[in-house]
Amino acid sequence: MTSFTCARSGAAVKVVMEDSAKQRREESAFVFEAKALRNPFVSEYSIFYLTILYFFALAPFTPGLASTENAANIFSNLLPLLIVALGQTVVLITGGIDLSVTSTIALSSVMGAMVMSGDQGWLGGSRWATIAGVVVMLLIGAVVGLFNGAAITIFRMPAFIVTLTTMMFASGLAIWLTKSKTIYNLPPSFNAIGKGSVFIVPYALVVTALLAVALHVMLSRSLAGRWLYAIGHNAKAAVVSGVPVGRTTRLAYVISGLCAAAASILYTGRMETGSPVLGQRILLDVIGAAVIGGTSLFGGRGKVIWTVCGVLFITLIDNSLNMLGLSYFFIMMVKGGVILLAALLDAWRNRLLAGR
Amino acid sequence: MKNLRDDIEAFLLRWASLLLFAAIFAAFGLLSPKFLEPQNLINILIQSSSIAITAIGMTFVLLVAGIDLSVGSVMFVAAVVAGKLALGGQPLALTIAAVLLIGLACGAINALLVTRLAIPAFIVTLGTLYLGRGFGLWMTETRAMNLPESLLQIGAARTLGAPVPILVFLFVLALAHVVLTQTPFGRQIYATGNDRETARSAGINTKRILFLVYVISGLCAAVGGLVSVAQLGAVSPTFGNQREFAAVAAAVLGGTSLFGGRGNVFPGTVAGAILIQTVENGLVIINADPYLYPLVMSSIIFLAVGANAERFRQARRGANAS
Amino acid sequence: MNRLITGAAALVIAAFFSSCNTAPSGPKQMTIGVSFETLQTEYWVAGFEAIKSELKKRNIQALEAIADGDANRQLEQINNFIARRVDGIIAVPKDAKTIIPMIKAANAANIPIVLYNRPADQTDAKSVAVVADNFAITKATVEYMCEQAKKTGKKYKAAILLGDLGDINAMGRRDGFEDAVKQYSDLIEVVARIPTEWNGEKARAGVTNALQANPDINFIFTSSDFMFPPIIQALKEAGKYKKIGEEGHVLLGGFDGDATAYQMLVDGYLDADGVQDVYFESEAAVQAVLEMKVGKDVPVKILDLGFVIHQGNLKEMAAKMWGAQVEK
Amino acid sequence: MAQVSNLHHQAGNKLRRVQVGNLHHRKILGEPILQFDKIEKSFFGVRVLKGVSFALEAGHILGLVGENGAGKSTLMNILGGVLPFDAGRMRLSGAEYAPRRPAEARAHGVAFIHQELNLFTNLSIAENIFIADFPKRRIAGVPVINRRAMREQTKSLLAALELHATPETLVENLSPGERQLVEIAKALSIDARIIILDEPTTSLTVRETERLFALLDRLRAQGISMIYISHNLGDVLRMCDDIVVLRDGEVVGAGRRGEFTEERMIALMVGRTLDQLFPERASAVSSEVALEVNGLSQPGVIEEISFCLHKGEVLGVAGLMGAGRTELARALFGLDPAQRGAISINGLPAPPSLRGRINRGLAFLTEDRRAEGLMMEAGITENVALAALPSFLHHGARSFAGLLNQPEIEAAATHIAQSVQVRGAANLRQAVKTLSGGNQQKVVLARWLLAEPSVFILDEPTRGVDVGAKAEIYRIINELAAQGAGVLLISSEIEELIGLCDRILVMASGKITDCVERTDFDRERILRAALGASVREEAG
């Protein structure tokens, strides 16, 4: 992967070479990569090309697939998923994983509704309801994330299990709090976040875009970003080099939690309902999307743009197969196949770049 | 050197899992005398047999630092095929053979993708999870399927006075335990999990090891599915859903590391599986508020794993100091 | 294997057909989007099939979508239908509230939408609901069971198998049950409430454990018929699966009216089963959506009264019980 | 046919003799057990071995020396069956020999003991020895490990090696030296005729090294041949009968031990006479204190450590493995806790946190650069910039989310990388895993240089580093001191300390047992201080 980076880099800084032989070796390696890069399917954005290919392959057979309202549709489906996946990406970069995101969505949805709801909310009807609700929802996300991070960094528990248990707990809590009921009658100003739009641009798009840009900048430009990658690469080395590993790791999980909460706001808003089972089924889509995009499960590797592509692909597949009216099980199988295909592409690319 | 408090702490950590186990038993026992009756203990064993068998397979995979998310789907596919054949009036022997074959096949697919194409196990099995589930739903047209008596024999019958599920469970357990501790293959699994490169250069055929553990996992999942479905009498479209998480949880509860090389099926994984089932069982026995189930369960898993992690951490620190 | 191929072929054909839609030439075939919240239980599958065959009868193309218990996915799928410009939508809402924005969306695109089996909460959004009342039917069923219990004059210990706590239907049935037994609190005591998450294994274990705690349980209600097989297994093991009238018979009640339940009724094991009339509901739903399409006004609520089938009325009601028709 | 090829072969040898000079001057008694004949190997079309020929005699230890990248390990990997060779031939006791995999090499009695030991820490000694093929017995046709047989064989092996541990002991509970012995036990278990030892002493204590050498002598006496690879030329001269020097894939010198001196070996290895390995110490030690430590203690690890390091001073820390040197360093840096004691950096009390101390001007180069030093997959720039990142925040922004000045980082990293002469990289985005040990070490150094600290703690900075890189690292250390930084240099090579330091602290079992001024540096004294105390320790 890294050798791949150097091919991309414009300004290659020459450093004293050990001997001519080695130099020749390097160069030959470059020529090779350069060749590899011309092939779209070994490029960093292979999944993106795949998406486009897929779209044009199906468009003629699928009435409405290429229509504008469907485009809008795909986006509104994509946005919340993207937000969650972005949070997940940050965690994956540190070499961790966050299975608790879906339950976080449900829990913060319920809590938010309990604050805002017109009939049974604590602040029902008050003009502060919406703001308070949003704050509470984000708070829930932050708290769950912080808990995960703390358990992982302080008690050194494996992220997989920690977040698995938080998943069980948060969802159980959400259902228990509502005694299985959904909560309706949320303030219109809140629902607007999920459905409304300024001119033609939906708020959801604005929110997501802002978040994506923010995360992109953080990962690629900021101190915290560099630290996150460093932890993913080699946590011990990071500690010795003075990286506040504990704090940074916790930050990653808090970000993931906040993203889940943000997604929950959009979901809840467009559902106009606080539901204790909100988004329960998207976990595998979230992780799948990030991984399909090219983010590594072993840490140190991942980008916002990659995840955007991954999410776009997954959503497009759902949307298109759905419009073809294919049966439930068929969609599932295709999805599984696609995940494997993407992984294959990635493996193939790495092998090419490794020059083996 | 060390003062008493450290000793006590060390002791508590050393036996954390067991103490937790004891505490849970004591608690349920106090709340309902019925809980500790031998019959109930047998029930717990029967009820945990399926998940335990699956978790045993999972342990093999975890030992080489892999993971198999597809076990739930494999259970489902195996159950569906078993049902179809049994309904088709095939003899029990053939049905069982077919189930084992399915397990082998599913495992082999995972294994191939993981070893030959070097795709991370997490992704491979995530993909096969979808594929398997979809395939099963397609075969059943997403309908529930009632099973004929012939198949239910496995679940109900008793041999030598012991319920068949328990026998199957014990058989698989014994086999797995012997393989892991007494055979070259077993020890080489631990070696591969400890350091794959080293294992390879030591002359171990690591690809073969990896391949086999995924096959074993698939096989166990299929058997687990059969054992479970034979007790249910029907295959519903949700059968086996999310079982992968339960299996991993059981293994990790039993002290198996997700990073490979550490763990065992006995007492480890089995204890984990039984612990989970015990809690489920106890909560019903004391007629607890249904809403509390997930809360209690997750908290207990969290505690157990936390104690384990703390122990390893201290052990490591001790090693560094010396 | 060749079924897979046919599946692939089906895909191509479907694609071809749907592409014909956009082509200006040729008679326009109607398309109806059918979105089910889940296919988890036999009842939903039956309804799903019934609707599809109903549509086929009228030569209308059906687009399937299963939300898999996720209100969001359902919203997305219904939006997809709208984008696909279907002529009508039949939907089984995940719950009474989350469906409302979907109805609004359909209204906005003025595509007629019919809610199958579950109503929406009161809202100004326009939709027609073909409704079976989980609460009422369950209550009636359990009341019948209680009456049977009363006749014996014995005291009863009851257990209920709950569905997924996140599932609004399951909760409706639970409340129906609780309401009914409350009236007979003098002779019926509920000693076990078992959360099954619609998972057979948990049902099986749950019943066994409940019987362990109270061997004298003699009154069991399940929130869905699909959990009968595990229950039977558990009862058999405890030697408590007896015909009505036999010594030690456990009063059994269920909900849905599937084939297993029918068989149990015929064999005389099952006391009562709450039945929703699949055929009525599916036909009414399709009829409604078509009438709305052509602008006829349709009553906002089409009620499927459903019924309780029991040993008493087995003969006459069997014909209306879908489980008696669906061949397994 | 055989005849002919044989003739060819001899002709070949004649040629080599002329070229290589005095390898086969004296007629070797007895047939050489192993012969390399014009071995060729290329990677990516680059010749790494250019027709290497030499012979290993039965019952001899042959020292194979050369800089990293000279082709030593490639050649040994070929011998050990890890790599195939392109051309040439190997003859093992006369017979054609071309192993396709390690197992095959082992079958021929060739055992390869790598520098990073190939042991499974989670398994027992016995299992480690027999992991590749266990003694089996069949139960119902199923092959099952024959524990008793395994136990007995292991016992006798361990006895032969005087390793006092039960076969069931887990390797993770063994010291590095003991693990080394287990590796040798593995070799003996396949009764190897040839044992390849790659840097066997790097992680051994002095006593363990002595023990190892005694053992090697015994094995030699039993007629086992060995190829001994080491950067420690002293050991090579001491242990080996014959010496072969490789450079750029060619044999540049070969002969009996007597024909070599360290200077000559170094000259042959680097192709030029290093003017000198150790740079001239212009000892400009100032009176200002850079680092002062008072009564630093952590029960069971270090006790009552007190010293002060002046600006411009290189202060050595000598001692055996487990003397507490690394533990001291980690405590100073704030990686491990210290129960009592005061540390002050440049006159100010050191903050408790590791980050605080870094900001105060402390730098720490760990002994294990793989595990704790480098991000192997990441590029050189990322690695170099890591420690100093906060200083590249855009003006004033010191927060978590502060943005970094990318061009500045690139520029600084480039400059620093050049000044420490990181070699073998096409550009600074190349993954450090592709660099040689020496250059990796330079990357870690560069990382700290970028952070501009005033006190350096260097833990074994030249471990596993070739002579050329060593010299460069020495130069850097020297320059640091000259620029007024204080350097605390931990090393197991006493020459290194004597060559570089102004003062040497000697540690034993967690205490400072001696402090030697440059004027009276003396191997014996240092060794005695290091050993003596520890011996006393064991007595008590």
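For clarity, chains are labelled A, B, C and D in written order, and residue numbers in each chain start from 1.
In the analysis below, a contact is a pair of C-beta atoms (placed from the backbone, for glycine too) under 8 Å apart; a residue touches a chain by one contact, two chains touch by 3 or more.
This one's a predicted model, so the numbers in the text were calculated from it and none came from an experiment.
Steps from chain A to chain C, taking the shortest chain of touch contacts, total 1. In this structure, the chain pairs B-D and A-D differ in their number of contacting C-beta pairs, and the larger number is found at A-D. Here the CA centre of chain A is 43 Å from the CA centre of chain D.
Spacing of chain B relative to chain C, judged by their CA centroids, is 33 angstrom. Rounded to a whole number, the gap between the C-alpha centres of chain A and chain B is 30 angstrom. Those residues of chain C in touch with two or more other chains are numbered 7, 39, 165. Residue positions 138, 142, 291, 293 of chain B each touch two or more of the other chains.
Within chain D, not a single residue touches two or more of the remaining chains. Here, these are the chain pairs in contact: A-B, A-C, A-D, B-C, B-D.
Residues of chain A that touch chain D in their complex: 1-3, 5-6, 9, 11-19, 21-30, 217-218, 221-224, 226-227, 229-230, 233-234, 236-244, 251, 300-301, 355. Contact residues of chain B toward chain C in the complex are 32, 34-35, 37, 39-40, 43, 46-47, 50, 138, 141-144, 146-147, 152, 155-156, 228, 231-234, 236-239, 241, 277, 280-281, 284-287, 289-291, 293. By the touch rule above, chain C contacts chain A in their complex via residues 7, 11, 14-16, 18-19, 21-22, 33, 39, 61-66, 68-73, 75-77, 79-80, 82-85, 94-98, 100-101, 121, 165-168, 170-171. Residues 43-47, 69, 248, 333, 335, 354-355, 358, 364, 366, 371-379, 382, 385-387, 389-390, 393, 400-404, 406, 410, 414, 417-418, 421-431, 434, 436, 447 of chain D touch chain A in their complex.
The part of chain B that touches chain A in the complex is made up of residues 113, 117-120, 122-124, 126-138, 142, 245, 248-249, 252, 257-259, 291-295, 297-299, 301-302, 305-306, 309-310, 312-313.
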